[in-house]
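In what follows, a structure is listed as structure tokens, so that the remarks can point back to it.
Letters A, B, C and D name the chains as they come in the text, with residue numbers starting at 1 for each one.
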Amino acid sequence: MSSLNFINPFGVRDDPGTVVGDFYTDNFERNARPGTVILNLGPQHPSTHGVLRVLAEMDGEYVVRAEPVLGYLHRMHEKMAEVKTPWQFIPNTGRVDYLHPISWNWAYAGAVEQLAGLTVPPRAEYLRVISCELNRISSHLLWWGAFVMDLGGVTPILYAFEERETINDILQIITGSRLTMSYFRFGGVSSDIDARFIKLTKDFIPYLRERLKMYTGLVTDNVILRRRVEGVGPMSVDLCQRYGATGPILRAAGLARDTRRDIPYGVYPKLEFPIPTGPSDDCFGRYMMRLKEIETSLTIIEQALAQLPSGPYMMEKAPKATFKLPKGETYFAVEGARGQVGVHIVSDGGKSPYRIKLRAPGFSNLSLFAEAAKGTLLADALAILGSLDLVIPEVDR
Amino acid sequence: MDLSLLSFVQIIVAVLLIIGLMVGNAVVMVYVERKVAGFIQRRPGPYEVGPIGTVQPICDSMKLLGKQLFVPANIDWILFFLAPVLAFFPVLLLFLPIPFGPYLTGLGVGDGILLILAFAGFGVLSNILAGWSSNNKYGLLGAARAVSQSVAYEIPMIMALLAVVFMSGSLNLSEIVAQQGSWPWQWNIVVQPLAFFIYLVSLVGETNRAPFDLPEAESELTAGFHTEYSGMGFALFFLSEYANMLLVSFVCATFFLGGYKGPFLDGFWWTFAKAYAVMFFIVWIRWTFPRVRFDQLLNINWKWLLPLSIINLWLTAIIMKIIS
Amino acid sequence: MLRALWDNVKGIYSLLVGMSITWGFLFSPRKTVHYPRQVVDSEILKSYRGPLELIPDQAGATKCISCQMCVRACPDNCLKVVKSEGGKNPKTWIYDFSLCCLCAACVESCPAGAIRFSHKVYLVTKTREELKLDLLADLKARKSAILGNVPKKSS
Amino acid sequence: MTSLDGRHAQWKETGALVVSRHDFKTEGLWLSAVVPPKSILTFAKQLCDDGFTLLDVSTIETKEGFFVTYHFDSFQEPGRLALRVLLDPQKPQVPSLYPIYQGAEWHERESFDFFGVEFVDNPNLVPLLLPDDLQGPPPLRKDPKNLASLSLLGVFGKPEILDPQWADIINPPKEPKADA
């Protein structure tokens, strides 16, 4: 076609052949009711956060059935683990979930330490807690902005980014990067905190508390938001159990399960913090849950900074890059911003692990979307999708 | 009305001026909207092109002019190309009866507000044609939303305006302005606050602006009825959106805010200042609130605005009867 | 009915609260840094991990002993260190920044302490080839910059 | 809610092949059981009734076949358990947990993607993470010469062997090793 032919009203493209969907659309359409429309949301859609694709069978504005289609960001981290040495896989863990990389760092480093029987010096444990909680706050802040953006409010995400940038500045001092951090090492952390880190963090805590009040006025109390999220997408404990949903979703449903408290790791047993449970199991409950968790994290950071012992931040004779895992199997879980992050390592004592299985909380959380979105309005379905706090790289791994 | 040669020439000149006004308004509003959005979000907004980014809207329109008109497969091409044109041109007529200044009226129609309300329905026609013809499911959903929203919000809008008409006893816009005084407490907003509020809410709904931008809800329908439009097609929709905004703001200024009358010196500057204040309000709430859900949008209208406007109308009628 | 009306009035009040907040931000100072007219705080850049660079010793030569520890540690195979004939110092030291994941495995495994992260934030290239950095040449350039400056000042 | 000893006894009763206790400090598990693939649904039902949730389905390819581990976590009290099945390397088939845990659908599809394990009665056993037109064997299958035998992986903790066939797998006789 020549370049001059920029308007082609007489329809060269007007071929009578129907457009045939791809494998997943065909598969989905097979079970469709007559008279419904198959709407393909994504992989490039403003509210699917990255490259999630959701096939929805629509009856007017109502979603009859929905099915997420994954794999657009699949990078096969589990295969990479099988060809790298255990040390070399650390940077990968920071890239599984780019919003809360430190929880993945911790899950992996913790699993290796558990299997190899390495002990972490106390100062390093506190540094781990501080960095992990700061990172959790930044993850929740971004979720907050993105969720309100899903509901149509564009401004709050930019306010959330102000705080997030401050956290990134703080974490950059110790991790050297702003997004895909690889801070943890087997038997410690990669660097110590300095006076500037402590000062910035101490300044940040009251500042964020002030800002959270502003968030309440701007968004939480806003009647439009309230009516968009209250009573939308209830997820009972039973539903969570059947789908393996953990984290804020489960706690919002009213069950105070938190890996930090249930199966303690690090120095969490020494810290006093509440496990908030949500006011309700709907989108609003999950919304409030995450805001409460930000406050919990702030308390944890305050305590950890106050208790911070001196000493080395790395164990003596820490494993080098050529470190080999001993033979055995282990499962280690930490509480990430989205739920229980688990790493299952099976090693035959070789150069690289025999098999590493990454348990992504977002994967389980997303799997209940199909059931939760049944029979809701399209706008509600997208609110539910937003309230699950999805990070697609983590879901796809 | 005497349709002599003079009034014919007057209409031609007025239409030309109104086209200029519409285009100029779009240019200004694109800049204002982006700058306000930027300032609210604590960033500078357009910055690079021209002094503090003032040339940005011109560059944007140049870009839109130069873009390919992408034609999707299997469209109804007549309607597809008719829709943006249909969105743009009826708005021209609607500006004719508006009294910009004491003597500055395109067409001194006696029943000016009837003309405006009659032609305002064309906007939604173009939306439904665009959504229907572009062979896109998002477009179709957006078009369906546009129809029910527009039908719903026109009624309280008319009712609110009717309350003012009851008071002034005239459908002529110049007459309505003339009956208001120069100072803010002499404006209709003081005697008709409820009507003003209803009108303010329904004008946001009528112009499809956030938080009532359901037909083009970005996070749900990507772009709604104009999903498949690019280049000038999109630009015409854009232009007509801003023109519609300007129109309802002018009507608002005329009916409730005293039109061209203002403190110290009456004149067209007051009309423009008031209309742009209303425009700023629309922009401001767009960058503050989340979007309402579709059923809530209709609930607000049918369950609250419509009964309230009817009550308001009754009260106005009764009080007018008692006074006179 | 009345209760719903009261709820709506409260709702409208909450909207006004939200609008007052954005009104406040409308006139608050900007938070963004306008590159290139402004740059971020240099204090922040001190911890930024840019591309690797070799640490010069007293004489300005490299400390690297070509032991290949970094090459083996690297998860991305982005380093290439070739030993020079005769000495233990490297002949070539090629570093592919496009592959590097900035994990610091090389820095931490270096027994001689010869490499570190630079703080070059504004590194921009047009092709991927240009991201293959020759760190020895880079070191030489820095050395000549240092050594070149010193005599000028003294003379 | 059942204590660990109670669970141990219950599994023995239900027909587990091997029940092992684990050192939680190093293995992150309290209890695991190897169960016959046919009765996996019975075991999962017991756990579901006691408030356990399915964490993940982790498959390992070994010399003996595909070793599928289902990790469970309790909603009532801290407790991480594992159920394991060993599947035939030629034709790996196991009933799907979908009737009990709907969330298992995706985990199973993931194992189907990566290993080719077939989960019978999974409602939608199509590729989940991998493209639908992927050529070649499933990506996490290992080269036969790199396969480890189960006894080398140390996955059994302190086992109590209830099925004599498993004695050979867990503690392989010395002779074949000498041959190799």
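The definition used in the following text is that a contact is a pair of C-beta atoms (placed from the backbone, for glycine too) under 8 Å apart; a residue touches a chain by one contact, two chains touch by 3 or more.
None of these values were measured; they are calculated from a predicted model.
Colleague: More C-beta contacts across A-D or across A-B?
Modeller: Between the chain pairs A-D and A-B, A-D carries more contacts.
Colleague: With chain centres defined as C-alpha means, what is the inter-centre distance between chain A and chain B in Å?
Modeller: 42
Colleague: So how far apart, in whole Å, are chain A and chain D when each is placed at the average of its C-alpha atoms?
Modeller: Using C-alpha averages as centres, the distance is 27 Å.
Colleague: Chain B to chain D: how many Å between their CA centres?
Modeller: That pair's centroid distance is 64 Å.
Colleague: Considering chain A alone, which of its residues make contact with at least two other chains?
Modeller: Residue numbers touching two or more other chains: 155, 159, 162, 218-219, 222, 224.
Colleague: By the touch rule stated above, which residues of chain D touch at least two different other chains?
Modeller: none
Colleague: Multi-chain contacts in chain B: which residues touch at least two other chains?
Modeller: 40-43, 287-289
Colleague: Under the stated touch criterion, can you name all the chain pairs that qualify?
Modeller: A-B, A-C, A-D, B-C
Colleague: Under the definition above, what is the set of chain A residues touching chain C in their complex?
Modeller: 84, 87-92, 95, 155, 159, 162, 169, 172-174, 176-177, 180, 182, 185, 190, 196, 214, 217-219, 221-224, 226, 320-322
Colleague: Show which residues of chain C lie in contact with chain B when the two form their complex.
Modeller: Against chain B, the touching part of chain C is residues 8, 15, 18-19, 21-23, 25-32, 34.
Colleague: Which part of chain A faces chain D closely enough to touch in the complex?
Modeller: 22-24, 27, 67, 70-71, 74, 76, 78-79, 82, 111, 114-115, 117, 237, 240-246, 250, 255, 257, 262-263, 327-333, 340, 342, 344, 346-349, 354-355, 357, 359, 363-364, 367-368, 371, 396-397
Colleague: Show which residues of chain B lie in contact with chain A when the two form their complex.
Modeller: On the chain B side, the touching residues are 37, 40-43, 68-69, 71-75, 77, 81, 137-138, 140-141, 144, 210-211, 213, 217-220, 222, 287-296.
Colleague: Considering only the defined contacts, which chain B positions touch chain C in the complex?
Modeller: Going by the criterion above, the answer is residues 36, 39-44, 47, 284-285, 287-289, 304.
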